[in-house]
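After this come two complexes, each holding chain A, first together with chain B and then together with chain C.
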Partner chain A sequence: MTTALLRLAAVSHSYGARRAVDEVNVELPVGARHAIIGPNGAGKSTLLHLVAGTLRPTAGQIHYAGADISRWSAPRRARAGIARTWQHPALAHPLTAVQNVLLAVPGQRLSALRPSRSAVLAAEAALAQVGLAEHADRLAGQLAYGDQRRLEIAVTLAAQPRLLLLDEPSAGLAAGEVTQLAELIRALSADITVLLVDHNLDFVAAVADTVTVLHHGQHVATGAPAATREHPEVRRVYLGTDLPTGPAAGSVPERPAATGAGTPVLRVRHLRAGYAGASMLTGISLDVRAGRVTAVVGRNGAGKSTLLNALAGLHPTEPGTEVLLHGQPLTGWDARRRARAGLGIVPQRRRLFAGLTVGEHLNLPRPRSSRPGAVDTRQVLDLLPALAQRRQHRPHQLSGGEQQMLALARALLADPDVLLLDEPSEGLAPAIVGQLATIVTGLATAGTAVLLVEQNLALACQIAHDIAVLDRARIIRHVATADIREYPNELHDLLAVPTAAAPASG
Partner chain B sequence: MSATPASVTTGASPRRARRLPRWSLPTLGFLGLAAAVALPWLVNGYVIALAATALVMAVLAMSAQLLVGWAGLSPLGQAGYLVVGAYMAARVATLTDLGPVQVLAATAAGAVAAAVTGSLAVRARGIPFLMVTFGLGELVHAAANQWAPGGSEGTHTAPVAALPGLPAMVRPGWVYLYVLACVLVIGAAVAVLVRTRFALLLRAVAAHEPRVQAAGHHTGRLLLAAYTIAGGIAGAAGALAIAVTRYVSPADAAMGVSALALAAALIGSGSMLGAGAGAVLLVAARDWVSGLLGGHGPTLLGLCFLLLAYLPRLRQASRTLRLPRRRT
Partner chain C sequence: MGLNVLVNPYTMTALDGVAYGLLLFTIAAGLTLIVGVAGVFSMAHGTLYLAGAYLAWYLADGGWTGLALALAAAVVVGAVGGAGLAAVVRPLVDRPLGQVLATLGIAYLGADQFNQVFGAEPRSVDPPRAVAGSVALGDYQYPIYRLLFIAIGLVLVVGLFWLVERSRAGAVVRAVVADPGMAAATGLRTSAVRVGVLVGGGVLAVGAGVLGAPVIGPSPGVDTTVLAYSLIVCVVGGLGSIRGALLAALGVGQILTLGVALVPGVAAFILAAAMLVALTVRHRAALPGQPA
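On to the complex of A and B.
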């Protein structure tokens, strides 16, 4: 026990009825480089929050340097040597880079009119360590996204931590920056212990000596990165084969009965989009056809949600992008106009209105009058019977599955021609995912064009007619579903264990 | 001075393209100060009394600005601490007519009142903070009605003396100069305060509170300290208020006074000098121009606010045209 710097003993955390972290045990010796991986919703970030003190465990103990810190506040843990980063860089944007670092340098008096010489030197050393020395006097909010990530790491290093918690440090970084980041973490002094969460398994393999795999909050496996990759349970979790087969794989009709099936409703050409100068998507071209389901699969941070948000007008695209709905270019249209034209989006994490009941949600969308026989509330409720008894409930009283159904119903009431689904299976139990698959297949059969974005490959294979694989800002493969099923291992490599040899050029 | 701390404290922003020349700030400051000191010989007694009131509001606006511009919290109850300070100064005035002693006692009373009530306020952020501070201000108002000497009628005080040995001041010109001197001292103290590491931490709390916690700072205590100091400044404004009017009543804790201080701080967009100037402007619009316009002061005030909020070009200019020396 004395050799371990951090020991989690059967730590659990529940959000209401859902156990985000379920009796997880982790033990880190001094100087460890440990990573926690797992699919979306596995409880990785929650685990970091529990160690950092921004969340308290509902059961179990956290031992740090020999003391039970489970009840300590976040500032107290920080003073004890636990430093952390957030999934999105947590910086004071109106302050300069060096001021941000100075916030964390210990041993300064509150009444000091200017930072002491030693504090400034420590801050400059931390900035130099991450390669930001020349940006010291720029405002943090004006730095590029990758620089903000590095600045946040400088802030944590300036605190002279004993335990460093990094929440998805490689997210949103370009390939070269990820390599630099891995070198930076590798070069940290051996008395700093690192616990990180990341989706980029290449990065994890480069940085971590040991890996813990979580799934639905539960511990799946712990070991060296290479060994965990081969672990059958881990492969099952990442491939998602624990889903029921539902409608048999081959049951999707190749030629739906609805008229007009197969004509491209939404055409996307050369779509480019990014965040603060960092390119997330380049040269995306796609056709979404009436009566067919097109799936875009890819790892976290591949740009899937950005793609859907860009199509819906919720994220700006760069010049050169062409998006045509029924042959009509949508350039310069805002989200409201696109929705009226027939683009419906079911956003990731549902984005329901917290204060409104199910009934009020269903009364919100204005049906388009252009198409005869527009859907009304009753038809949608027939399609989604789970909601019918829940009309007086508010979103937080609904289960995850019911929330997803409500988000879907809200989009359907606007009678969209193209339905954009962003990770509909996220955080849902397998049986609910099966129901969802049936509903989406039914919608496509009725003539709606569906563009589905998923990490859950099994669901994508089950309902999609064709699948596009998104990796490193591009579509590297776009094939019919039947063909992709012949190469499950190849897809597994693409989605979960990408290698440097992956055809980035496409 | 070594170069490093200076480079630490100046943020170079490409957006701030148009800079005023380096001599502009000292020159403007000197001209403003000269005009302020010469005022009693230039205008009539009524305007002098108004100017003294404006200076008192400038101090209250600085108190609000510490919370708005630094800690990122909008208070709507600062007048409550002003009244606490004013009653304390009125109490002390029965023992001594020395103004500075009254100001110190009022500062202490305002700070103690803010420290006691602040633990309620700093748990809240955003609109709830506004509501809690409004509620606290109204409670002070009600308590003053109930228990303060004179009840809702208020209480009168004797004229104050600036220094031991000097006679008590009755002419508005002398009172004005005394208040001006006190405001300059308070302003200097505040100017030092906002250059400390404490003020930097407050700005960081406003920008990203979890990051400051993760750096090991107890943000609740930082905010409580800021709230206490702001209460002290408001208390000092209370002592100056009774030096000007020789009268305090519960009505001084009215929400309108707090709102004026908050509005002045918002007009001052992140600077103490701006908050003071905003307060002078608002008092002038409310009391002085109102007289010229036949009682349409509130109309003018309302239009000014709309203009400020909706003239984007003006807002842009306020961002790009900054004085050469920037607060840390």
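On to the complex of A and C.
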């Protein structure tokens, strides 16, 4: 370990008062294949930015090849041999594949009219290394998404890096492509040290020799992939088993519900959506019923938030998608029309309006005209008393729990028939999560159809009537919560401790 | 005694700067909301000001009636102009460069028409006779209309602040600036807000032209000058921020008057340097809770 290429010494980075990375120590020997994993908001990407130089640490040092590079600019680090890829491929689309790679080949003169023979050879070698030799003269923008990812790696390899940083390299790739990518990374020369961030734990297990688990910016565990999987602390952060599941557990199923309970209010058929050409969701079908809480669970990056945003009209869906609210197709409706028709969303990270006070937030929504006087601000404040004393405060002055309550209040004031909740427990203390669970259960009892997306399995089991498991862009299980409690190990398998051959049908 | 210390050539020039700054604020406040809410960099904003200034010149009769008529016409012209701009940029949603070109084309057409109708020579606009004279401030004579304009400007500042920062309409506008997608998902009519802001900004710009004509009179080229200063105010103040626009407009007003008086010849450079400093400082210390 004396030959560490990269050493992070108590590195921290704060966004305002929030510590995204909190005194993390990591050491990478030359030739290491190291992965950083952790739930959303764990600080993985921030850590990668700190090493690449796109962010500077607010405390601690970064040592690279014996020098303290904490204050170096990103270009200087790149010249010193640190190369990176981005979460979404950053390529020059109008250029061909080989031209993209040529941009990164070092030692070229700016004034040269045409690339030197040696540079072209180096670029072709990099393309061959990632298996793209036959696509050298195709435009980057015309390559398939998986090939764009490989091309990006070829670009970084052409720069002859000593340290390769990969930001979610497997995101948006099909299973076969992920396997190829893992082989490609394993086959890289032992001179190249690899540090990667990824959500796909199968991929991480196939590629990495060592894994660091982060949670809320803090180091949880480091070790071999198999050992970290079994680490009790890791199971806890991924499964949220530290939450109080006692009081409500078992009390939820089949309570006498309000009028019309059980009728599907929102029907989703064949929903398809994606990002930048990569399919995140293919053929999602789902019913959300009045008076019931349906939870969609799944690993990070499974497409849960994309699903809710697509339903709310905040993310485009692909043709063939059918979404019916009260039997009325929503195709082509924008977010406002969907909101007025009765879809309310509490989005991920809350998306409160910066600069608006709590009072102003509460004044924005207007109850839908079809159901006059159904809710007013006072009723919502009775439900969420924490907000009453905070009317003059702005979002950045609120605690995470208060922000979540405000986002919930904003959605409730429009009196939705269907409430879409995106990771409401994210970043909240257990006591607040308990309050939230009570409120959501109460809303369902009053007849609202709730679609909840959660990584926190304990919370999902506590308040949901049925649970859909999202994996690899589709729903692979849809069962009543009571049934799933009988097979806790199966869920653990699906969500946290994956095997190479996860069940493909439900 | 205190007054005599305060009254010297520099404070008189600084007072001019305040009037100039408030005029710029009235013009740029509309533009900053148009950019922040509708995402439209309207190159025709200076044209609206010039239209107002020519209205004031055309309808001026030396009394209050002319001014009142001009203001009433300004409301109509501004509303029609704003709605027209909204209609022009509507097919160009998400194509900011297309919008810039379209509004730039309108600005050229407008400038050409003004030349045809009003001629190429500068026109001077006299304020109503009742406020045309000057008043003694210590040893200096200061135009009454300029003081009146400062007063009107301050009323406008207070009114705009109330509208944008206190009323529900303002909260809706700021919500659309902060997160248009989420505003729509909250049930707000984001497209109506966009048209409304374009209309409101148009009325403000034409109205500023009528009131500001005795300060910056109508002549060819005024539209581009006013546009350039408004864009500077918008960018330095932060797009969509009324507070930022006020600070930036007052700063630009001082540089263009006091700056010219103190160091004639390099005022343009001071403006550029001040812009650079303001942008660097603002980048490092964004106002908390304000959309940057």
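We adopt the following convention: the second predicted complex is superposed on the first by the 432 of 506 C-alpha atoms of A that agree within 3 Å, B and C clash if a C-alpha of one lies under 4 Å from a C-alpha of the other, contacts with A are read in each partner's own complex, and residues count from 1 in each chain.
Criterion: contacts are C-beta pairs under 8 Å (C-beta built on N, C-alpha and C of every residue); 3 or more make two chains touch, one makes a residue touch a chain.
These numbers come from a predicted model, not from an experiment.
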Can A:I432 be said to touch chain B (first), chain C (second), both, or neither?
neither
Please tell me which partner, chain B or chain C, touches more residues of chain A.
B
So in the superposed three-chain picture, is A:L384 touching just chain B, just chain C, both, or none of them (first/second/both/neither)?
neither
Per the contact definition in the header, classify A:L103: touching chain B only (first), chain C only (second), both, or neither.
first
Is A:P395 touching the first partner chain B, the second partner chain C, both, or neither of them?
second
Regarding the shared-chain residue A:V197, is it in contact with chain B (first), chain C (second), both, or neither?
neither
State the interface residues of chain A toward chain C in the complex, per the touch definition above.
312-314, 334-336, 338-340, 345, 347, 351, 353-356, 360, 363-366, 368, 394-397, 410-411, 414
Can you list the chain C residues touching chain A in their complex?
168, 171-172, 174-175, 178-179, 181-190, 288-291
Taking the touch rule as given, give the residues of chain B at its contact with chain A in the complex, in rising order.
4-5, 7-14, 192, 195-198, 200-201, 203-204, 207-208, 210-219
In their shared complex, chain B is touched by residues of chain A numbered 52, 54, 73-75, 78-79, 83-84, 86, 90-96, 98-100, 102-104, 106, 108-115, 117, 120, 136-139, 142, 155, 159
